[in-house]
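What follows is a pair of complexes built around chain A, which joins chain B in one and chain C in the other.
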Partner chain A sequence: MTHDDGGTAALTTIVMLPLLLVVLVGVLELGALRAVAQRAGAAADLATIVAVGDQDQFELAQSGKLRLAADAADVARDYFARNLLATTPALGASANAIAAAADIASFPTAPSFDPLTGARYDRPTLRLIASIPVRTPGFAALLMPAVTTVTIQSVSSPR
Partner chain B sequence: MSYWRSDDRGMATLETTLMLVILVPLLFAILEFGWLTQRWLAQDGVALQAARYAGELGGDRPELRSYIQEQLLLVGIEPGRVIVEVEPSNIAWREPVRVSLRTDELVAIPFLFTTTVAVRSTAVARGEVNQ
Partner chain C sequence: MKTRTALSLSAVLLLSTVPAYAREPLEDELPPIPAPPVPDPVAFVVPAGLYYVTDTYVADVVATSDATTVYSTTTVHESTGTYARVIDTVDTGASSAFDGMAFNGRGALTNGQALAGTYYENFVLTAGGYVPVSIVFFQDDSETKRLQGLSSSAVAPKATASPAPAVTTAQRRDQVAPPPSIERKVPIEPARPTMRAGISLAPDGPTLASAEVLRGRLVQFWPRVFANDVAVPIRSWRLVSAQPDRISAASGSTQPLAAQWIRMPAPGVRWSLRFEIFSEVAPTERLEAEISVTMRSPALVD
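Now for the complex of A and B:
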C-alpha cells in the first residue's frame, strides 16, 4: 500500500511538473508582454503630446485659434521612434520601422471626424495607432508564436 | 512494518527538501521580478513626465530635479538611489531633450544567485520654450 502511494506521488509529480512549468512560463511571458505594451503605449502618448504641443503660430496670431502645426504627424512619428528606442531589445522590429509603419493622422482643426476609428474630435487632435511586434521567446518555447503583435492607440489634443 | 515507516520518513524528508529547493527560489523569483517590473514601470512613468517638464523648462533646471525627486518618492523609489541625466542641459524651442533615470536594484533568489540589475528609463520630449 505504501509502495503504491509512492508510485501515485511520482506519477502526479511527473504529470504536474510540466504543467506547472507551462503555466509559469506562460504567466511570466504574458506579464513581460504587458509591461512592454504599457511602455510602448507610454511612448506613443508622449509622442502625440509632444506633437500637439506645437501650434500653427500664424493661425494663433491671426485668429487666436489652436491649429496643429503642419508637421505634427511627422513630429509624432519622430518622437515615437525616439521613445521606443529604450524598448528595442524586447521588440521584433526596429523602433524606426515600427514608427514608420504607424498610422498617424492629424486633424488640425475642430470639429473633425476620424474615418478609421469613427471618433469625433471637438479639438484639434493627433491620433496614432501602431502595431508593436514584441519578442515572446517564452511563448515560442510553448510552440506559440515567437513574436506577438500588440496594437496600441494614442490620441492627444492641445489645451 | 517499522522498515516501511522508516522509508516513508525518508521520502517525506526528500520531498520536503526538493520542494524547498525548487519552490522557494521559484516563489522568490516571481516576487523579485514582479517587484522589479513594477519599479521599472513606475520609474518609466517618472521619466516620461520629467521629459515633458524638461521641455517646458528648457532643459536641466533645479525645478526639474525637485520634481523628479517628488515623483520618485510618490511611486516609492528612494531618490538618492537614482542617477538622473538630462541631455542636453539647455535646449531651444523644438529641440529634443532626453531624461534618463537609472537605479541599481538588488535581486536575491535563495539557493540560486544574488545580483544587481540596472533599471533604466529614458524619455525624449521637445523644447517648448523660445529662449
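Now for the complex of A and C:
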C-alpha cells in the first residue's frame, strides 16, 4: 500500500461510515418493529380465540348450533388489553387505550358478511383490527417519526 | 486411565442432568366433572283431588233395553301411569264450562239434552310437576220412552249424575244393569299414549337431532321421553353407542349425561350418541334416542 492509497482508504471510510451506521440502525429498528408487531398480532389472535370459546349456551340448548356470546367483543377487547401488557414498553400508547380503540366486530351467526373487509364468514366469527403505535427511537435518530403505527388483524371462529 | 476417564465423564453427566418434567398435558389438568343439578322435588304442586288412574277409558256405550236407553262408559283395568281428578259433575241438560273440551265429547239424549256425567282431567307427572294432558267425559245417564200415545222422540230423561269416584275412573258402571244390546262407539283416543324419546341440551329444552360441541367443553345431554308430546319422567337411561373421551356415567336416571371430548375427529366426521331409555309412564317399553355431535374448536381464520 502506498502513501496515496492509505489516504484514499481513510477518506472512503470517513465518507461511508455514517452511511453504514444509518443502514445498521435502520435494519435494527426495522427488526425490532417487526418483532413488536408479531407480539401484538399474537396478542390479538389469542384474544379472539378466547372470545370465540365463549359461546351462547341458551342458543346451543335451543338449536344445537354454536353462536357467539353477546359479550364476545367485550371479552376479546379485555383479553387483547391484557395480552398487550407485556409489550407495553415498546408501545407508543397504553395497552388499554390501544384495545379501546381497536375495531372489534362480532358476527354471532353464519353466514355473515364483514362490511369492513368484504370477507364472508361461514361460521360465527370474531374479527379484530387494531392500530399499534410502536416506539421507534432508531428511526427518530435518523430524523424519521419517533412512533410508527402498525395495523394488525385477527379473525377467529369455531371450526 | 480409561476407566477413570469414563467414570469421571459419567459422574459429570449424571450431576448435570435436569428433570424434564415431561407429562401428558391433558391427563391430570382436567377438573372432575361436576355432578349435574338435580331438580328440586319440593317444587311439585299436586292438584287438589288428584289420584292415580287404575281404570282407563275405552269407549262410550249406549245400551237399549225395551224402552230404556242407558248411556254409560266402558273402561279397562289398566294403569298407564297417569293421574286424574274430577273437575265437574253435570246433570242432564245442564251446561258445563268444560263442554267441548273433552276429547271424547259429550253426547245428548234423543231430545237433544246433553247427557249427565262427569268430567275428568288427566295428568302426567313430569320433572316440573303434574301436567294436564287431556279431559275426558264419562257419561252416566238414561232415558225411557213413553210408549202410549207419544212419538218415539218424546222421552222422559232421568238425570242421575252420581257422585264422583274416589279412587278410579270406572266406578260408576255398576249403577245400571247389563244391557241386552250394546252399540259401541269407536274410541277417539287410544288408551296407551304415544311414546317418543329424544335428547336435549337442557332439562326443559327441545330435543335435538344434532349439536355442535366445542372441544374440551363439558356438555350435558338430557335423555327425555314424551307421552303424547308431553314430557314424562325418566326411569333410567343407558348410553349404548361409542363413548366420548370423558363421561359422568354410562347410565343413569334423573341426572343427565355429562360428556367431554378431548380429541378432534377427522375432518367431516360426526360422532353419534345413542341412548336406551325407559320412562316412568311405560317402564317396560324400551325407547331409543340419538343425537349427532359435531366437534368444533376455536381457530384462526386465514
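In this text, the second predicted complex is superposed on the first by the 157 of 159 C-alpha atoms of A that agree within 3 Å, B and C clash if a C-alpha of one lies under 4 Å from a C-alpha of the other, contacts with A are read in each partner's own complex, and residues count from 1 in each chain.
Just so it is clear, a residue touches a chain if its C-beta (ideal position, glycine included) is under 8 Å from a C-beta of that chain, and two chains touch if they have at least 3 such contacts.
Here the structure is a predicted model, which is why all the values come from computation and not from measurement.
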Chain B versus chain C as contact partner of A:A61, first or second or both or neither: second
Touched partner set for A:G118, first chain B, second chain C, both or neither: neither
Chain B versus chain C as contact partner of A:G7, first or second or both or neither: neither
Partner chain(s) touched by A:N83 [first = chain B, second = chain C, both, neither]: first
Partner chain in contact with A:V155 - chain B first, chain C second, else both or neither: second
Which of chain B and chain C A:A42 touches, first, second, both or neither: first
Touched partner set for A:G53, first chain B, second chain C, both or neither: both
Set of chain A residues, in rising order, touched by both chain B and chain C: 45, 49-50, 53
Parts of chain A lying in touch with chain B, wherever the complex brings them together: 2, 6, 9, 24, 28, 31-32, 35, 38-39, 42, 45-46, 49-50, 53-54, 75, 79, 82-83, 85-86
Of all residues in chain C, those that touch chain A in their complex: 200-202, 205-206, 208-212, 214, 217, 296-301
Of chain A, residues touching chain C in the complex: 45, 48-50, 52-53, 55, 60-66, 121, 123, 125, 154-159
Complex contact set, residues of chain B against chain A: 4, 7-8, 11, 15, 26, 30, 33-34, 37, 40-41, 44-45, 48, 51-52, 55, 94, 96, 120-126, 128
